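Paired with chain B in one complex and with chain C in the other, chain A is shared by the two complexes that follow.
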Partner chain A sequence: MKRPSTAGVGLLFAAPAMFGLFLFVIGPTLAVAVMSLTDWQLGASEIGFVGLDNYRALPGDRVFRTALANTLVYAGLVTPISVALGLGLALLIEASPLGRGFFRAAFFLPVVTTTVAMAVVWEFVLHPSLGPANLMLRALGFAPANFLGDAGSVLATLAAIGVWENAGFNMVLFLAGLKAIPRELYQAAAVDGADRAWERFWTITFPLLGPTMLFVAVIALLRSFKVFEIVAAITQGGPRRASEVLLFTIYQEGFSFFRIGHAAALTMVFLCGLLVLALFQIRLLGRRVHYA
Partner chain B sequence: MTLDRPTATRRSVLAGALALGLALPATALADSRPELVVQYTFAVAFDPAFERLKETFQRENPDVRLTFRAPHKDYDTGIQALLREAVTGDMPHVTYVGLNHMRVVKERGLAVELAPLMKAEGSTFEAQGWTPPLQALGQVDGQQLGLPFAMSMGVVYSNADLVRRAGGDPAALPRDWDGLLALAGRIGKLESGMAGMYMPWTGASGAWLFQGLVYGVGGQIMRPGEKKVAFDGKEGKYAAGLYRRMVDDGAMPDIPDQAARQQFMAGRMGFFLDSISRLSNFERAIGDRFELRTGYYPLDNREAGGLVTGGNAAVITRSAAKDPKVLAAAWRWLKFTTGPRGTNEVIRHVGYVPVNVLALEDPKLLKGYFDDRPRHRTAVEQIGLVREWFQFPGPNGVKINDTISEYLQAIVDKSQTPDAALAAMVREVNQLLPR
Partner chain C sequence: MTLGIDGIAKSFGATPVLHDVTLQLGDGEFLAVVGPSGCGKSTLLRIVAGLEPADRGTVRIDGVPVDHLPPKARDVAMVFQSYALYPHMSVAQNIALPLAMRDLGRVQRLPGWSWISPRTRARRHAIVGQVREAAAMLELEPLLDRRPGQLSGGQRQRVALARALVRRPRLFLLDEPLSNLDAALRAQTRNEIALLQRRLGVTTVYVTHDQVEAMTMASRIAVMFAGRVEQVGTPADIYERPASVAVAEFIGTPRINLLTARVEGDRLFVAGRPRPIAAAGIAAADLLLGVRPEALLLADPADTRALPARVSHVEYLGSEGLVHLHTDAAPAGAVARVEAARAAVLRPDQAIGLHFAPTGMHLFGAGGRRIAARFPATGDGVLAAVS
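Here is the complex of A and B:
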């Protein structure tokens, strides 16, 4: 069989997917890159080339700086906590066969529910005076808290909801990782005298879970950077932009304020940030591949 | 310069597919009548009214085929879709635009100017109920780009049970801020967890109601020909100060808009100040939990003050102008829906304030309708006070409203004094205005 023809057939088979990739991913990305160099307003018939002006304006833009800081704080809170919690849940579920299916489903439920619908529920639960959360606080003798209405607490509250949403997802990934660890290793460790729970976790589970851990950590980080629905549904970035996050800023600038050029520049910055994170993931993972 | 290729291609492919889908049934019927495509907004509220309007219009105009596009959720999504459709050349022939977006319609050149059509009607046009103040609501910089269809304004929703408990008279609420705030303050003290009042400072109503406060003391948003806002003086300071007084004197909680709405519906708040368009929503949610009433919006300057208007206007888009037959049909539809009979349907099925006053005098339409509906009547009696929903010029028009909300929040949560917040608000808004 001749090599070149195989490659040709391969290309032919890949063509529909490549076409789709160009049409729906690469093309629009290039379009956004071009838009970010213009002053185009949604619906306007005129479009002007402004070079890098949109990017130059970003460092001085108070809303952008706030959104960037908030997004970093949010990701900084949600990523480690949801990863740790996901791991803890996976270990607990894996440890006992009792009710395994139930707990797995229960903790995974937040992942499959619609965020916007859940936002409404959370809004009610955290209602400053009528919500169950505050009724409970009051019954325990604490002062009621204005979780979503106070500029000081709104981001932490959204982060807590983010953890609730993501922990189950991480848990499922960890469960898969745990399944891949050979049972014999635990038996061998027991023979060697390491049979206490902590010893087993520290000497076998944790190191063997390394690649899974890294994968989960990076996925969780990327997911937390993409926080949008809950902000759009509940807080709209408020109060006083305390919950303004990048994706919401992009949406608002582009589709509420019609400033497409500015929104496109924000998108490119956001995209580059995520790209750097993804590259970071590939390099670190690459180093670990031999381990698995 | 043209638009970038890739997106334009993708959009036109989608638009083409959509057009094909729409066109197929039409060809099958071999219908030669001109098709009039109409799109409205706020499906939940307006669906029943538009269904009835369509039925009547179709009966009286069999030479036109009227089709509705799926309605939009709210004014923002409506204008966003319209702007996208303007790019792909796929706008509906008639659309209903929030009054706050009329300036965008003008700046993007989306609409057909109505003045020539109105002139062609001669003297009969005004006689049919479209009074000059009514026409003015559909104008931008003197250009008639739409006719108002549904109009709203602020009212005071009150929990009459709580008002009575606090020693007030629900049938005669104070019409000045001092009186209303004092009564709200007393309601707030009735028991723990009770709020006196709420007036949204964020979201769709926030910046709109702020304009209302400035108008209420006789102030202006911008003076004609100037490039700076006009609420940096004593009227603006009074309006900004009111937000702090609502918190301090009126027992207004610093909570999000939606949370406050729920609290009012649950019967744990005395007054909710918002647009009359929320009436049917409140009525449904409250039921007989407590006695809901509406009262006049507080007005401290009875001579020079006014109230801000909201709502939407019917607009004929550029795409109707391509075919004179379609344009004529669109104009007929526009007159029908914004005229006395359209007003009649909107009032009966949606709420709002009548736009066409002739409907109020016609016994077959709305005459007598409000007699046993005191909640609706409040707004009708305020009609004389309406002022325009000011739209900030330039590319940052919408963003400015958001900026105003942000500083109102700072006044309410006491992170800034009202004067400092107003000064910062004015500075930032002036920067966003075109130089």
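Here is the complex of A and C:
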């Protein structure tokens, strides 16, 4: 009997996973790529090949431009703040021997709760007349604000909710990263003269968190670009498209207006954008990261 | 620079790790603290460094109590068992860190500050010079740009030493610095550290579980068991006059032989065979006679004054031989160190007699404490080779 080659056996073992990967990830992506070249409408029996027309139309599309700008602003706010806050929380929790489990659970809670359910809570908290937020503002002598109803503040408000949602997730990743730093390094640093909190952070903690930092930054960026539920649940992109974000636009184009070809083109742009951003981030940060 | 450790006690929770430890080091002295793992020696070192607070007692450097001072204010340097090199920094940056922390202010340490401030530039320049000097001392110059991850164990160990000595601290603290090296490198580094310490003349506390390191490097040794200092003395003191059975067993390879014995008047009985002893006021209770392997002398089995024994196993080491023996007086067995030529002719199960050389004999009483005794020569001397 002929012995099968190592590569052949390897492929055989990888086959189930490869099958799943093709069926659920690569296949659908290719399907979307093909659909983006058509004028298909959901339910329509005819499909016309339109080439790159769907893509050519995008730069002139006001909704797309607004959604892109809003998404960039949202991600630009949520990513750095939620990463910095996550790191700060992790450092505080790690530094205190008291209530570690409680704080860890408390700050992680937003990650495990359903966004749509929490949207109801936020809507109440931020209600223009009944919400505790405004009651507090009024009690402190400030004018009440319509956080979610005002086109000028809605995106910042959603970003704040996004930070609340994501900081706990980043915190848990940072906590794991902090645990991996050997204690003896801090002791060596203390003997060598770096014993203030600030010196310890810049000499040991921050550089050795490099790989974690890179991972968290990439994940946080991707997560913030994928903002959807809170918009769909609370603002529906309003008022006056001030909270229109890319995923919500794609959803509306595809499932409210049934313009699948257009939605598919948007999806491809969204995907490529994420890919480029993540690659850029890994290149930029990766050069400064030390891997032990 | 002198170090005084006075009545230090420490517990972790309900577990006491140090009981009233007192040690004195003179200027430039090299003290090895040796003991089995878990005896509290590393904790003692960390208390001296200021990494761990003591529950009671005082640490004095040059007579001044330093208990309230953080590590950096004590001006001590420490080499950790894991070396604790900063993995993200080059060798040069690792060695320079203690200098940068001491000689540069917070603002001056900012990257690029030397471009603005000539004074910072001058200080940085001086630091580079000192780093080079320390690197040269440990032959690290070709490695200055490498990261710790790219170095071998021995090289990392030398970087840790360079980082410790670069700022000329008042006190060197070394915590098992050789335990991660292989045997050949350990022997070589042992000598290098001892020479370096003598050259720099820095007072040094060296913690190790390896009695060979302690014996070969230190000018004095403190032997610790279960959080207490059992004996302090020169290597010769400790070997020739062990204060207890524990010390006698811990120091010396192969281990000292322990034989059950009893004393009646001026005679010491081992397995019923008497020999003269000069010791005051010993009860006839069960005693232990410790005999160093080199003091166990092989004799003719027909010699009625000799202790009867049987060879169980012979280790031929080239320069010498170790003869493992069964004898009724030593339940755990006994080992004799003999000339290689004599070991070569011994066979397992061969019957043999044993005499003791007076210089390698130690008597221990109740609780394992040493009993002062002299063992007058019996005239047996070193016996003729066994045929």
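Throughout what follows, the second predicted complex is superposed on the first by the 277 of 292 C-alpha atoms of A that agree within 3 Å, B and C clash if a C-alpha of one lies under 4 Å from a C-alpha of the other, contacts with A are read in each partner's own complex, and residues count from 1 in each chain.
Just so it is clear, a residue touches a chain if its C-beta (ideal position, glycine included) is under 8 Å from a C-beta of that chain, and two chains touch if they have at least 3 such contacts.
Owing to the predicted nature of the structure, the values given are computational and were not obtained by experimental measurement.
**Q** Mind checking chain B and chain C on superposed chain A, clash or fit?
**A** Verdict on chain A: chain B and chain C fit.
**Q** Answer with first, second, both or neither: which of chain B and chain C does A:Gly210 touch in the superposed model?
**A** Touch status of A:Gly210: second partner only.
**Q** Once chain A of both complexes is superposed, is A:Thr157 in touch with chain B (first), chain C (second), both, or neither?
**A** Neither partner.
**Q** Touch check for A:Asp195: first (chain B), second (chain C), both, or neither?
**A** After superposition on chain A, A:Asp195 lies in contact with chain C alone.
**Q** Based on the superposed arrangement, let me know which partner A:Phe257 touches: chain B (first), chain C (second), both, or neither?
**A** So A:Phe257 only meets chain B here.
**Q** Consider the C-alpha centres of chain B and chain C from the C-alpha centre of chain A, and write down the angle between them to the nearest 10 degrees.
**A** About 150 degrees, rounded to the nearest 10.
**Q** Go through the superposed model and pick first if A:Gln187 touches only chain B, second if only chain C, both, or neither.
**A** After superposition on chain A, A:Gln187 lies in contact with chain C alone.
**Q** With both complexes overlaid on chain A, does A:Thr249 touch chain B (first), chain C (second), both or neither?
**A** Touch status of A:Thr249: no partner.
**Q** Quick one: is A:Ser45 in contact with chain B, with chain C, with both, or with neither? Answer first, second, both or neither.
**A** Touch partner of A:Ser45: chain B, not chain C.
**Q** Given the superposition on chain A, which partner contacts more residues in chain A: chain B or chain C?
**A** B
**Q** Note down the smallest distance between any C-alpha of chain B and any C-alpha of chain C in the overlay, whole angstrom.
**A** After superposing on chain A, chain B and chain C come no closer than 48 Å at C-alpha.
**Q** Just to be sure I follow: which residues of chain A are touched by chain B in one complex and then by chain C in the other one?
**A** none
**Q** Across the complex, what residues on chain A touch chain C?
**A** Against chain C, chain A makes touches at 182, 184-185, 187-195, 199, 203-204, 207-208, 210, 290, 292.
**Q** Would you pull the chain C residues touching chain A in the complex into a rising list?
**A** 46, 49-51, 70-72, 76-78, 80, 82, 84-89, 97-98, 101-102, 147, 149, 163
**Q** Could you pull out which chain A residues touch chain B in their complex?
**A** Counting only chain A, the residues touching chain B are 23-24, 27-28, 30-31, 34-35, 40-49, 123-124, 127-130, 146, 148-151, 234-236, 238-241, 252-253, 255-259.
**Q** Could you please specify the touching residues of chain B with respect to chain A in the complex?
**A** Answer in residue numbers: 1-7, 9-10, 76, 80, 82-84, 86-87, 104, 107-110, 193, 195, 202-203, 253-256, 258-259, 262-263, 266, 268, 395-396, 398-399, 402, 405-406, 409-410, 413, 415.
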